[in-house]
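Below are structures written as structure tokens.
In what comes next, chain A is part of two complexes: it sits with chain B in the first one and with chain C in the second one.
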Partner chain A sequence: MSILSVTFLLFVAGLLIVYYLVPKKIQWCVLLAASMLFYCLGGWRSVGFVIGTALVSWACALGIQKKADAQKAYLKEHKADLDKAQKDAYKTQMKRSRRRLLMLCLVFCVALLAFFKYTRFLLAQFGAESSAFGIWADDAIRLLLPLGISFYTFQTVGYVVDVYWGKVKAERNPLKVLLFTSFFPQITQGPISTWSDLACQLFAEHRLDYTNYVRGAERMIWGFFKKMVVANIVAGYVKDVFTNYPQYAGLTALAGAFYYSVQIYADFSGYMDIVCGLCQMLGIRLTENFDRPYFSKSVAEYWRRWHSSLGAWFKTYIYYPIAVSRWNQRLGKWAKQRLGKAFGDYLPATLALVLVWFTTGLWHGASWAYIAWGGVNGLFIIVSMWMERPFAKVKNLLHINESAWLWRAFQVLRTFILVTFIKVLPEVGTLRQGLGLWKRIFTEHTIPASLGRLLPFATDHAAFFAAAFGIVLMFAVSLLQRKGSVRELLERRVPYVLRLLLFAVLFFLIVYFGVPASGGIGGFLYAQF
Partner chain B sequence: MDELLELLNDINPDVDYETEDQLIDGKVLDSFSIITLISNISDTFDIELGPQYLVPENFNSAKAMWAMIQHIREEDE
Partner chain C sequence: MHSFKKILRTSLLFLLIIAVISVALMEAYFRSERDYFQDGSERAALAGTLDTVFLGASHAYRAFDPTVIDPILGTHSYNLSGALMSMRSRLLLLQEEVSRNPVKTVVLEVSFNTMSRVRRNEGIEGDLYTMSRLDRFSDRVSFFFGFYFDEWPDVYYKFVSEGVNVLASRIKGQFVQKKGDRRFGFVPTGPGNYKFTDNYQSIYRTRWKWINESVDEENLSCLDQITALCKEKNIELILVTTPISKEQLCSYGDYDVPYRWYCQYAEAQGLRYVDFNLYKEKETLFPDSEMFFDTLHLNTEGAERFSRLFAELEQRMRSGEDLSDQFYDSYAGLAETWGLQ
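For the complex of A and B:
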């Protein structure tokens, strides 16, 4: 079920009525039923995979918890009988058995994800794509790719690792773990929540709250506007440039690249506004995924502010475990003694970052273009880390005032241009096509004689200006968000009638421009990941 | 505690670690400094500081870090 459909709106209306009518103790059961229904409507054949993932995670997490509890009880009971060596031997033995359960869960979840997402790519590397097995892989796997598998796999893996680390207690009820895994607003594009952030809200009792209800609905309308009016109109321009860039001027190709940055932001953050708004109406605060990312001053900062739940996941479950692992720390010390303090300090973090960006690239897509995209992002972050001290000296030498607004504006603009160029690399098609677009931008210097020639894709002028209005509005909202929630600001400063009029205008624009623009456009960009 | 303050001063001597309680949230220490700090804490206090301890609450102040070290020592006993 597309969340841009009338069916989805009816589904949400029905859910809200039932959710607030049933006894509060079983509200989470309504969410589970809604999630299963949403998942079935999106492709009933893959329901088994989400249930399987949830059950394996539930069983492994519970097993880990039982072993941890048993260890605690045993050590307490035999506190006086055991010496330190005996205690350590027992702890090591119990840790091994907990680790076996963790590995079982990780292998199951990651193997399932890898099978569906990467088999075709791997077979293609060995030239097996056109064989009989290749045809099976090409068609059947793609058709069966379970909805949201990249997102729910990471979320459940995070839960089991947190239980293993003792950060959270394992849940005894398998149905509650199933709801955590399959909660429908976040299953197709995240955010990737932690158990400690989401579970307590899913299972809490929620009363109907007028403020939450109104603010949630306002945020949903804003999200629909961003997705349907801005992202979907601009998507047509981007598609045109990515298909025809060899015939276009370099400046037109550049405009296409910037339009892509606008499209993916409006698309993904629009989706987040819709689902966060919906969750607010249900009394649930979903993890935020965006913090005005295009105002970042470095690529590393951008990745802390764009799709931040994914960044946090990689940081917690891949970056830190590798960076602080014994072998990596030993390597750092060895490097410090032989190659200098700075080298030794940065080496563990660098190795961890290489792996993080390789897996981030692979997570986004099974192609060399995505691996290269991850590599370029990682390269900028790693080089910035290594060059931080030399850069600081240069800035000192040039008397650059880092808090001056002009310097900050330069950093923001530089980062926006950088991330725009990095973003388009895997999106044009193959890696060769992505590099071709870069080459066109830098080597084709014709100056188009008119605006029509510069932007040949903008044939519908009314839609073009609607999208332009949307882009300006998004920029203005981002500026206002520096001081806090825009909806709260509107409530304080703008009379009720004017606010109603504002959202009515957005609604009109969605119906007049967004609905036609959404006709030929598929789903959301991040749903493909 | 003095040994810990020494380790922190090695990373950035311009901070008053006795009073600062926003080391992570205030971005005084970044994730790279944290990795170096963890290595030094593990060596100095002979503890295994696993990734489960890497949460902002444990590193926002010298006091929080000291409490974490004590907790890991108690767990080890």
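For the complex of A and C:
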């Protein structure tokens, strides 16, 4: 079921009615039923995979929890009987059995993810055509590819690891774990929530609340506007440039690249606004994924503010475990002694970052272009980490006032340009094509005689100005968000009826400009990941 | 409970705002420059006077000219046909006119694909034209709910977008109320510039199009309802196939399949069925390059000639004359006379 369909809106309306009519104790069951229905409508063939993942995670987490509880009880019971060595031996033995369960879960989840996402890529690397392996290797993978597998796999893995680390208690009810895994607003594109963030809200009792309802609905409309009016109109331009970049002048190719930055932000954050708004109407606060990322002053900061739930996941479950692992710390000490303090400080983090960005690239897509994209991101972050001290010295030398707005504006603009260049790399097609677009941007710099020559793809002037208006509006909203929630601001400053009229205008802009723009480009960019 | 009331109030107010703006845009849409959209009020003004109506798709829309037919037959007729008009639309428009006019004759155009066309596959366009011909707002609303559920967004989008366009052109002072040469629902096409072939043998030999033989259940049900309504109101129902070009006739497989079906239906229901493609003088009266706008539609001159022919033959038939010898028995027989193999 497409989120941009009337069916989805009716589905949401029905859900809201049932959700607030049933006894509050079983509200989560309504969410589970809705999630299963949503999942089945999106592709009933793959529903078994999400249920399987949830059940394996539930069983492993419960097993880990039981062993941890048993260990605690045993040690308490035999506190006086055991000496330290016996206690340590027992703890090691229990930890090993817990780890076995964790590995079982990880292997199951990651193997499924790898099978569906990377089989064709891997076969291609070995020169084998996937079709040579019969229907299973090609058509079946495409047919069975479970909806949102990248997102729900990471979410459930995070849950089991948290149980293993003792950060959360394992859930006894498998249906609750299934809801956590398949909660429909976030299953296709995240955010990737942790159990401690989401579970308490999913299973809590929620009263119908006017403020939540209205603000949620307003946010949904805003999300639809961003996706359907801005992202989908601009998507047509981007597609044109990415397909025909060899024929376009450098500036036109550059404009296409910037449009892509706008498109992916409006697309992904628009989706987040829709689902966060929907969850707010249900009384659930979903993890936020965006914090005005294009106002970041460095690539590292950008990644803390863009798709932050994914960044947090990688940080928690890959970066930290590697950075603080015993072998990596030992390597750091060795480097400090042999190569100097800077090496000692940065080498463990660098190794962790290399792995994080390699996996981030792979997570986004099974292609060399995405691996290169992850590599370039990682390179910028690693280089800026290593160059932090020399840069600080240079800034001191040049008497640069870091709090001056001009310097901050420069940093923001520089970061925006950098991330735009990095973003387009895997999106043109192959890595060669991505590099081709880069090259094109820096060649044939004739200044076009008119706006029409600069943006030859913007043939529908009304749609072009609607998208431009949307971009300006998004920028203005982002600026206002520095001081707090724009919806709260509207509530305080704008009279009730005028506010309704404002959202009615947005509604008609969505219908007038968004519906035709969404005809061929209905899907969300992040759903492909 | 307090929250619920506030939510209800806000939701209803928001929906009311949306509804009011939508209705305003819809009205602007219905008053836009398309030919179809202007005859609702004309027909409302003629209420109580019409005794003959023509119903059909574009073949009929471009064929029956009441200003030619009425003086010959002494009738007060109106052409209710429209492009892509489905059988359901024909039924609804007929119901509307029968309820407010002393209708005595209904001429229902049926072509080779009228019964086999599936509305579901054709999209909303034809029904949108019909909807815009309904005069009353309440009729349009009830017609809207006759669209398939998944078509609602497209229909709504059409209202909003066309409505906004009309309003915008009015604000810019560019709006032109197109008053074409309309003659009681009949709109002439002009001469047309289709390049007809004269190599019929080659088209016939390589004919690749075949007529879908299966009759759509919904079409049949609507035809049955039209027949029942006419019987109930003591209205004469005549099934008519209007002329199409020789090129078109040569390019299809077997016109006898729908022809036989209409003959059998007419016989079973006690109706008259006339297929003007089988009129022996058809080729002489309606040469492709002179009388057709394109392969399926008559041009202005062709429509006038056909309307006169229809009225004169109708007059003779009403006087009890047997004209069966002026028509071929089948399309196979027609092809034989053309020497096509």
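Note that in this section the second predicted complex is superposed on the first by the 523 of 529 C-alpha atoms of A that agree within 3 Å, B and C clash if a C-alpha of one lies under 4 Å from a C-alpha of the other, contacts with A are read in each partner's own complex, and residues count from 1 in each chain.
Note that a residue touches a chain if its C-beta (ideal position, glycine included) is under 8 Å from a C-beta of that chain, and two chains touch if they have at least 3 such contacts.
Only a predicted model underlies this, so the values are computations on that prediction, with no experimental measurement involved.
Clash or fit: chain B against chain C, after overlaying the two structures on chain A?
fit
Should A:Val511 be classified as contacting the first partner (chain B), the second (chain C), both, or neither?
The answer is second: A:Val511 touches chain C but not chain B.
In the overlaid three-chain picture, which partner chain does A:Glu205 touch, first (chain B) or second (chain C), both, or neither?
Once the two structures are laid over each other on A, A:Glu205 reaches no partner at all.
Based on the superposed arrangement, let me know which partner A:Asp69 touches: chain B (first), chain C (second), both, or neither?
So A:Asp69 meets neither chain B nor chain C here.
Per the contact definition in the header, classify A:Gly332: touching chain B only (first), chain C only (second), both, or neither.
In the superposed model, A:Gly332 contacts chain B only, not chain C.
Superposed on chain A, how close does chain B come to chain C by Cα atoms? Whole Å, please.
36
In the complex, go through chain A and note every residue touching chain B.
Where chain A meets chain B, its residues are 84, 165-167, 315-316, 319-321, 323-324, 329, 332-333, 345-346, 348-349, 352, 385.
Which of the residues in chain B end up touching chain A in this complex?
31-32, 35-36, 38-39, 42, 49-52, 54-55, 77
Quick one: which bits of chain C touch chain A in the complex? Just the residue numbers, please.
2-4, 6-7, 10, 13-14, 17-18, 21, 150, 152-153, 156-157, 160-161, 164
Can you tell me which positions in chain A touch chain C when the two form their complex?
Of all residues in chain A, those touching chain C are 5-7, 207-210, 213-214, 497, 500-501, 503-504, 507-508, 511-512, 515-516.
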